[in-house]
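Here chain A shows up in two complexes: once beside chain B, once beside chain C.
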Partner chain A sequence: MRPERLLLTCLLLTGCSDTIPPAVDLGPDANPGVTPVWDGGVAKSQKGNLRFKGPERLSLDLAQALELPAASVCNELGQYPCQNVHGVALGGVDPYEHSVYETASVTGATTPIAVERTVLSACNARIALDVKTPASAVVFKGVVLTADGKLADAASPAVATAVTSLVRRAWLRDPTQDERDTLVRLSADVQATGVATPGVAWMQAACLAVFSSAEAVFY
Partner chain B sequence: MTLKTTGRLSRREMLRALSLCAAGTTLAPFLSGCRDSLQTPESLEKLGQQRDRLDGKPKFLIVIGAAGGASIVDSFLAVRQSESANAAGLNTFPDAQVQGVADSPFRAVKYSNSRLGSINIPVNTDQLAFVKKHAHEMLVATSVGTSVNHGIAQKRSLTGNGAWRGRTLQEAVALQWGNGMPLPNVNMGTGGYAERGTDDSLPLSCFGEPVVNPSLWPLGLDGSRGIAGAPSKDVIALARSTRDALDSKSIFGRTFQDSAALKRWSEQRGVQQPKLEALDLITKLNVLPDLPAIPLSKYGLASSPDGARLREVFPGFFTDPVQGQAALAFLLLKYRVSVSVTLGPDFNVAVGGPNGIANPPLAFDISHNDHRGGQAFMWARILSTVDSLITLLKAEPFDAQTGESMWDRTLIYVATEFGRTRPRPSGATEFGSGHDLNNGFLLLSPMVKGNTVLGGVDPNTTLTYGFDARTGAPQPGKLTSNEPDIFSGVLTAMGADLSGSGLPDASAFKRA
Partner chain C sequence: MPLPFPPPRRWLLPGLLLLGFATPAVAMPTGPGAFCAENPTAPACQGTQPACTYCHVAPPQRNGYGAALEPHLAPGKPRPLSDADFAAALPAALRAIATQDTDGDGAPNQFEVEQGSLPGDASSVPPSGVCGGGENPQFKVCQYDTRFAYRRMLSDFCGTSPTYAQVATFRELGSEEKQRAFIDQELDRCLQSDFWRGKHGQLWKVAHPKIRPVGSIKSGEDAGIIPLADYYDDYALFAWSQTDDHDARDVLTANFYVKRSGSTYSAANSLSSQFVEASRRAGNMTTAWTLTSFVMFTALPRNAASQMYRAYLGLDIAKQEGLHSVPNEPRDYDAKGVQAPQCAACHATLDPLSYPYRNYNGLGGLPNRYIPNRLELLFPNEVATLKNTPEQGVILGQPVNTLMDWARVAANSDAFAISTVTDYWKLLVGHAPLPEENEEFVRTWQAFRTTHAYRVQKMLHDLIRTEAYGAP
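Entry: the complex of A and B
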């Protein structure tokens, strides 16, 4: 086959789809996979040309990854969409109301705060749903909490699977063993703070850590 | 010389050379002193070598971007019909509408009409009270050449057309006095007023932090407070440290460890964010009241201790962008968050005010439709904001020991973009105008040479002319661009260190 025809065929076979691919969903019984251990051989990027996601992509990625309606990802005071309130801080434009026509070339001093608020709100929304209706939980499936709000068993496969699910949804890859262990160990640290509901607080902390990471907000 | 034949110095030649060097080193300061003694104050100024003694305390700059072309010849330098040989065909006012102020070069326009162009709202304005109250701290400097493109003129009014390597006035002030402040330069302006300068040698912190919604923006100054169901700060701290550890070890983090974007991000996340959160700015800068419709307490938040006072001064803070910006500007300066704040109307309609329109479409540029009504309405809007800010700053102590108020260390610069065309249909009182190069800028501060007009207006053309920025002498024939003079004048009045700037001497702007 001629090379150009082969290329065309490949393009057609992998052709564009108008459906958004569903987020990765691992059940509690699925294998909580991990990425093979990093061997230290990563080459540093010479150009380092990273781009910040911006308000729309950040919100839509969170909505898709955490399976939330886009409108419920983050609302300040329960009524002002974060995508609008923090849109320019997140590197967006606001041409109609405030004559901001161009995106910022660099992140601003308040950008990380706006990211955290958006991520934390989305995580809270997901966790509230998962905890309230465990049967239809999406991320924290099968993660059992005790009567006093602690994780029943931090070493359970369900917890490991939840961590893998979080990472896959945010980073589109499996966690390394070390990453997964770090996020699981976080539960003990959270519990040591004496917080009233350590199980839910761990879910929030793990979700915030993963979805506000540089890997989740730059591309 | 041995060098010529062998390429080496002989011992004698070496000793001779060393003794010459020693003599030169010894004599150099004397020779340099002789040279310095020959330099005049003017030449030293040209080299940027004269400056105030810096006292280590901040000074503050408020830039008001008067978007759309605010005409200085329709306010403080208005021309009476009786003064002009071409009164009927030029924008001169009936004598009674141009009021003089005793012992002052300034004038004040009184205007009244039942509509604003095609908008059916009355316009009744009088600039006299403002001028009488503030003349002693007002300086108007005329300009004779900028751009008639909105965006370009806006930016040039802040950079002096690239007078100091392209940095803006706000960036220069942030560099001079903003060290250690969490957000030295906050910019709520529009278009070219909001653009950053082109001097990439400045630290990142000098560039403006953009703010588009002043009433809600403070909610974005803490990563977790005010979010329903957010965990405790201890848990947030654990999440952050875990995240940072994951980032540093991940393949992504290692691959892009030299990325400028990632390094900046780490600095912003690890240094600036904690600094902002520690100041409790989500409370201090929050003008919003706690109401059922805005349930702050339900979300664990509270209004600023200054909130009630500011809502009284700026009752339209939530719907009128300029009022909201002015309230936030005051708080940013009061709580030493910033040393430079930029605000001003944009080109959109804002509802509010006694007649339902707080900001007409196109701001000052509504002058295309109704020159006099538009200028009068918009100048009243700007002057009202300026007056409120000055009142607030005067009431705010800066230093109990010296007795200084915040106002004593603040300069307000009204950047007017460009002027308006002068002709009008013979004798018309309602007409439109276009963009024109001639205009002027308004500075207000205890630090400027008050009650002063630098330059002037030719009554027979109603066009502005230039001035000598060092002596202040008017130069009626001067029509060359003087944007660097204005730029230098603002910084000179504030007492900024202009060493190495190459800026022109603008001593005429500074209070003696």
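Entry: the complex of A and C
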């Protein structure tokens, strides 16, 4: 992933406020919901051979992780699948019409934009469903919004659980305590921007940050 | 036991190395053997031979290694050296610079030769063999990591990552043996998926550079505006040859066609879109699409022959790969001037490679079929010597009488096995085999030829067990 994409994610994840909601465990009978931190120096890969998911895997993974029909992950003008429209930008091929028979060996300048477009579309689709029909919410289950669109309680177990759920779906592991706290803290930063619906905006930011991270778009 | 054939991009190196000392247009067939005779255990000589870039920037311009070698090659003897003189002088010259570090990357030349990196390229260094210290909560970074391999395998073959719950279940399997067995089981399941074998799936992706489709002239399903031939038949035969218990060589040798229904492929004796009779068929080399797209209107279909050579053997003549000069060639039957020295180096291989296509017609006349005496019937106004073009040709140094013979020699060559495994290596590992992966790569393609009798699916089980694939 390009440096600016990683930087954006980092910025989103490192916003601070004075009131830090504590991360909450998932409750009895559930594991703590966090991954232990290794602070003694993480062993590094000698290969660094991560592979970009490309258009098909990115879309299929988003559909699976966010429990969406594959056809509703991302469509331009509501009808043209993003994985086709942005196929080459997303590292795909276009053999029949434009003689692009092989994938590019590196991601392009527009790849991060296409990734974010696709991820944000999928996140919006999931959030819209979760907010509209809370009883059948998948990710943001039990996250209560106030009448003016704010998170009713950023420190609630439901918010922490939603963050853990996002991370598990994208990274296939539990978040570290710091990762979870940072994503929860993000709500305060979003609200400080004065956006009209800060609760939903936080959901979008958290979902985008997690699903467009290097850990989610490479494998 | 037949001698292994030099594979993609490799065997010409010393030949080209020699070009710097001989005339620019003459290939030196003794060079590759001499290099590998001197370095029999070098990774570059394990079923392969070094590429031009081993000693050259772009032939005849030498890189640092080639330049360092030159003064030690039979000093004092007049240039150009003969094949025999070159072959005799090369071992001593290689030894003379063995301890030098010509590319300045800190590794002596001979160490690089033995480790599989390039002694003339400072960016190519021997694998360090050193693993980082400390712990890693997510990955076993120095060895095969079953969890990493499981995630990667599902993404590669099924198209989706496992879920968090699936990863947890996988971990609960406990022993690595059980986890590896589970990965194999899941691979078999994914190999049946639409993502892998279906229309526009991963197998089709492997086939794109071979078939080189053009949508505007496609006929049949998804026809273009000028429908000429249906390349979905080519994809179907390719996918057939790579799936189930089928022989991958069928892609070149089949005398049948393949029909697709969803993700299921079945053999057929005839198709309404194909016109070559069974006795003249050679898999995807003689389909309507190949003849339309690569033979087109040409009398001597050099383009068709070179594309098949490139697509299925990994030998790109345009990059001076796979050159096996045939004595007294090129004959230049079509008077294109290919006997000029700057052309003959490649055409001494390419033209004999093309002769077996002489009676396969592309566009014009009776399209996309075998026509006896095609050159005489359809090209009466061409140069008179054209009709002397023989149907007998030469591939990989072996004389062949027909295109079916051509296909059989090609399909049974090391080059075919290497090219096939390289395709999947690039798809699944993400790059062509690296020096440190060479041992696993050689083991994989050799088992593909022997133990697995050219069954791709069995080879894929081997491939995902390599550290190249499963060590993060």
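Basically, the second predicted complex is superposed on the first by the 186 of 219 C-alpha atoms of A that agree within 3 Å, B and C clash if a C-alpha of one lies under 4 Å from a C-alpha of the other, contacts with A are read in each partner's own complex, and residues count from 1 in each chain.
By definition in this document, contacts are C-beta pairs under 8 Å (C-beta built on N, C-alpha and C of every residue); 3 or more make two chains touch, one makes a residue touch a chain.
Remember, it's a predicted structure, so these values are computed and weren't measured experimentally.
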item	value
Chain B versus chain C as contact partner of A:Lys53, first or second or both or neither	second
Chain A residues touched - chain C or chain B, whichever exceeds	B
Contacts of A:Ser45 with chain B and chain C, given as first, second, both or neither	both
Touched partner set for A:Phe218, first chain B, second chain C, both or neither	first
Which of chain B and chain C A:Val88 touches, first, second, both or neither	first
Chain B versus chain C as contact partner of A:Arg169, first or second or both or neither	second
Which of chain B and chain C A:Val144 touches, first, second, both or neither	neither
Which superposed partner A:Ser99 touches (first chain B, second chain C, both, neither)	both
Residues of chain A contacting chain B in one complex and chain C in the other	38, 42-46, 49, 51, 96-97, 99
Contacting residues of chain B [partner chain A, same complex]	182-183, 190-191, 194, 204-205, 209-213, 216-217, 219-224, 226-232, 234-236, 238-240, 242-243, 245-247, 249-262, 264-265, 268-269, 272-273, 276-277, 294-296, 299, 321, 346-348
Chain C contact footprint on chain A (complex, rising order)	35-36, 38, 40-47, 49, 51, 53, 56-57, 60-61, 64-65, 93, 95-97, 99, 101-102, 168-169, 172-173, 219
Of chain C, residues touching chain A in the complex	127-128, 130-139, 141-142, 151-152, 155, 159-164, 167, 195, 205, 208-209, 212-215, 218, 222, 429-431, 471-472
Chain A - residues contacting chain B, complex	38, 42-46, 48-52, 76-78, 80, 84-89, 94, 96-100, 104, 106-114, 116-117, 120-121, 124, 128, 171, 178-179, 182-183, 186, 189-190, 193, 195, 200-201, 204-206, 208-210, 212-215, 218
